[in-house]
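Handing you this structure, nothing more for now.
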């Protein structure tokens, strides 16, 4: 079964953008606690630009949409999250190239995204970054069918909670060492919104 | 914190316009980019020097664009690394065929974005190399962290690499002297008050009326510890001791910078610099030159940083050479 | 407002020590005074130029001591005119026989103290003359007031008189060109927040979270009116309009300065300067050059001032000549 | 009758210094309202330096003490008040030169001080400056014997009150124009302390 179409992918971006706008202050506040206080601003700007770019553009394939998303995020976000999310979507796009996006292609694409994040950011599990969430999502998808969205979001939430008690060893939060404990990682939180948005789109079906 | 701004989303664009229109006799903006270059780029036969980073650190980095320092500064959103496409534009604009050196401050975001740009530029056949400045001794340099941050010491790297490039040296030679500078420069800062990212609309952190944050980062990243406010002389020696614990400067010739983070008046910077001079002399170091002022700021943060650079004859010579930029001139 | 200080009563002394020890290669402190001079004073055959005033306006005035600008800066307590005995020391140190010009900002205290010094120095046979800078259009210039205040426009007077003196002109000639500069320079400022005199320990005045004070003085003297905070472009045009109402600059060649009062980041100054450039072009003025930065501050006050100077060929030439000071270099 | 001796003059300065120290904040606050907020700081510094100078110095005459006071104020106060008070005490000293200070000499000296202030500051009555207080004191002394200290202080107080409703036309407060109304002039207040201190010294007799 095809799970992502050009239309749905655009809708996915739409849903992400709404969430980034709504939660801009929350994400920024999380980043003020252990970073430099701009994560919400960066994400809101990035997905605003993504929408501006893709809304009126005609795309032949999901891969094309995601390539556009990746390019826009890379060019408009900056900071650490820009290259990371840019790479994630680019890798997804590459994995989907020339294919229709069924469950298998989708799962493989997520795994590719995770590998891209790792390659770019050089983070492993437990370093209190958005890699944690993406990796757990990929792991979950390897075991479970894509329909179980609630379970997937629970995995995300649990991972976010896990980041709270970690000491960061990548990104700005790493400067804090143990002082980064007790705060949730902002990038993990924005990743959650990306998957939550995806869920809304996929759940509603065609 | 009140700001003199129009649309917070246009701040960077308007700042760049303001800057390049005010100084159009020797700076220009590459059209439709956030890149500021010398008017005469590419300078034939010269290695191009590109630096940059998030904005909010003015006069860094555009203030160091000019003869004898940078060829281009790439400007990001406030406290956010510029993106690869912008860095590529800068690289292309300054390359005369002799190659381009990127001077990057050690932040995950900056490193990733500049490296992506480097990869892409290399694919287009431009010779690009990079150095990463990590002078901030407040951060432990271990394999468990992303390493030290780059702060005010970066300005010395700009000056020295810029002078070397101006002299006609090769990319490898320019990189080598930049690395030497990085190996010999150490800094540490303190904040007395927070700054506010304009788009965030509120202070990045909060400090009590009698508190200060030792080891602050230039984006308001928390430092080593929060302690009661002390006298200028005490703060100066605390910062200096941390630097000297990290690197031995005894009997060396050194360059010193006391850098204001934004709101601290120059008057106070000189009170600090007085103590720094005294202490360094007591500790038998030979001060070659001292810079006091705002070189690498954090918006309207109150506080300052101290930077020491150990000089050999080559570094001394390069540091002393003429240069002509908005915020650094010999 | 937290300060990086030791004993508040020693601030000025320590600042001067810090400044002259940091820049001992070309500045010196006259022993037991609050006078900072070029290292090579008296410069033979050259008219000496002395300025000064209360401290808290750094880099004014020591930042303008050097070849092509001032020979000496006399430093007073924070926001308090220096005393006659100190001014006399400066006059004596810089006089090479060609006479000395005092550049005074128009404040009752400054005028009285400098005039007392002038009287006494003349009694000792030194040829002394003075000019009084009064560029601040926020104050009405009428016989019912002490007249306009001298603010950031003073820096242009330093530059131009300094260049004239450097060229070997006579005291009368230097005075004449300084007067011409004063006649052609106008400024006006705005504050977004107060400053605090260190010894007073609390802010000089209070501005609400959404208020600004139009026409502020550089010592925190209240301005023309207190109004709701506006966008950068609106503030810039309001100040500019006031200046242009006072003096017609249409079709003139002008020099522009956007001067930060202390805590306002350079980023914001450039947003202002962008609008100023636009407006002046619209109004058919020809901008010869623009300076943006901190030139005449008010401790850690947030805000800025705009200065316009109308140039003829002579002023343009003198403004453009080389000079070598800490905070102004061509 | 001799009313001022070297000893008493020193004591006068002592009493002034105490008052400037005690009222430093009040004077500064008054100057924050309509000036630059340093008047208390200036006066406290000035008279602290005066005491440091005169305490251990031997003087032959009241005129000598006051000359020292004048020089110290001129050299240590700065601002507007430094030259003004410096000139006032210098003129007093000159008027007392070679004389013992009886009532007639004293009154003439005060008048000279007033003229000195006027010469230096170019202010007339009603311009909301310390000239107002000094001039009213001199006027009062021309009519009344020096013993009536309470009446004299009342004159001072009334004059200070008068300055409240004036619009300043001299000094920094003049920039405010009508906005200077409603605030007492700081220099008038510090002048009051000078006369109040004098009263304490003269009242206690030898």
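Each chain gets a letter, A, B, C and D, in the order it is written, and its residues are counted from 1.
Criterion: a contact is a pair of C-beta atoms (placed from the backbone, for glycine too) under 8 Å apart; a residue touches a chain by one contact, two chains touch by 3 or more.
For clarity, every value in this text was computed on a predicted model and none was experimentally measured.
Taken together, chain C and chain D share no touching chain.
With centres defined as mean CA coordinates, chain D is found 74 Å away from chain A. Distance between chain B and chain D, defined via averaged C-alpha coordinates, is recorded as 54 Å. Per-chain Cα centroids separate chain B from chain C by 29 Å.
The multi-chain contact residues of chain C, meaning those touching 2 or more other chains, are 78. In terms of inter-chain touching, the protein chains here are arranged end to end in an open line.
Here the touching chains pair up as A-B, B-C, C-D.
By the touch criterion stated above, chain B contacts chain C in their complex at residues 2-6, 11, 14-19, 21-23, 25, 55-56, 58-59, 63, 78, 192-193, 209-210, 212, 229, 231-233, 235, 256, 258, 262-275, 277, 289-294, 297, 299-300, 302-304, 327, 329. Here chain C touches chain D in the complex through residues 9, 54, 76-86, 107-109, 112-113, 116, 138-140, 144-146, 149, 197, 199-200, 204-205, 217, 219-222, going by the rule given at the top.
Residue ranges on chain A touching chain B, taken from their complex, read 28, 32, 34-38, 40-42, 45, 74-84, 120-121, 169-172, 174-177, 179.
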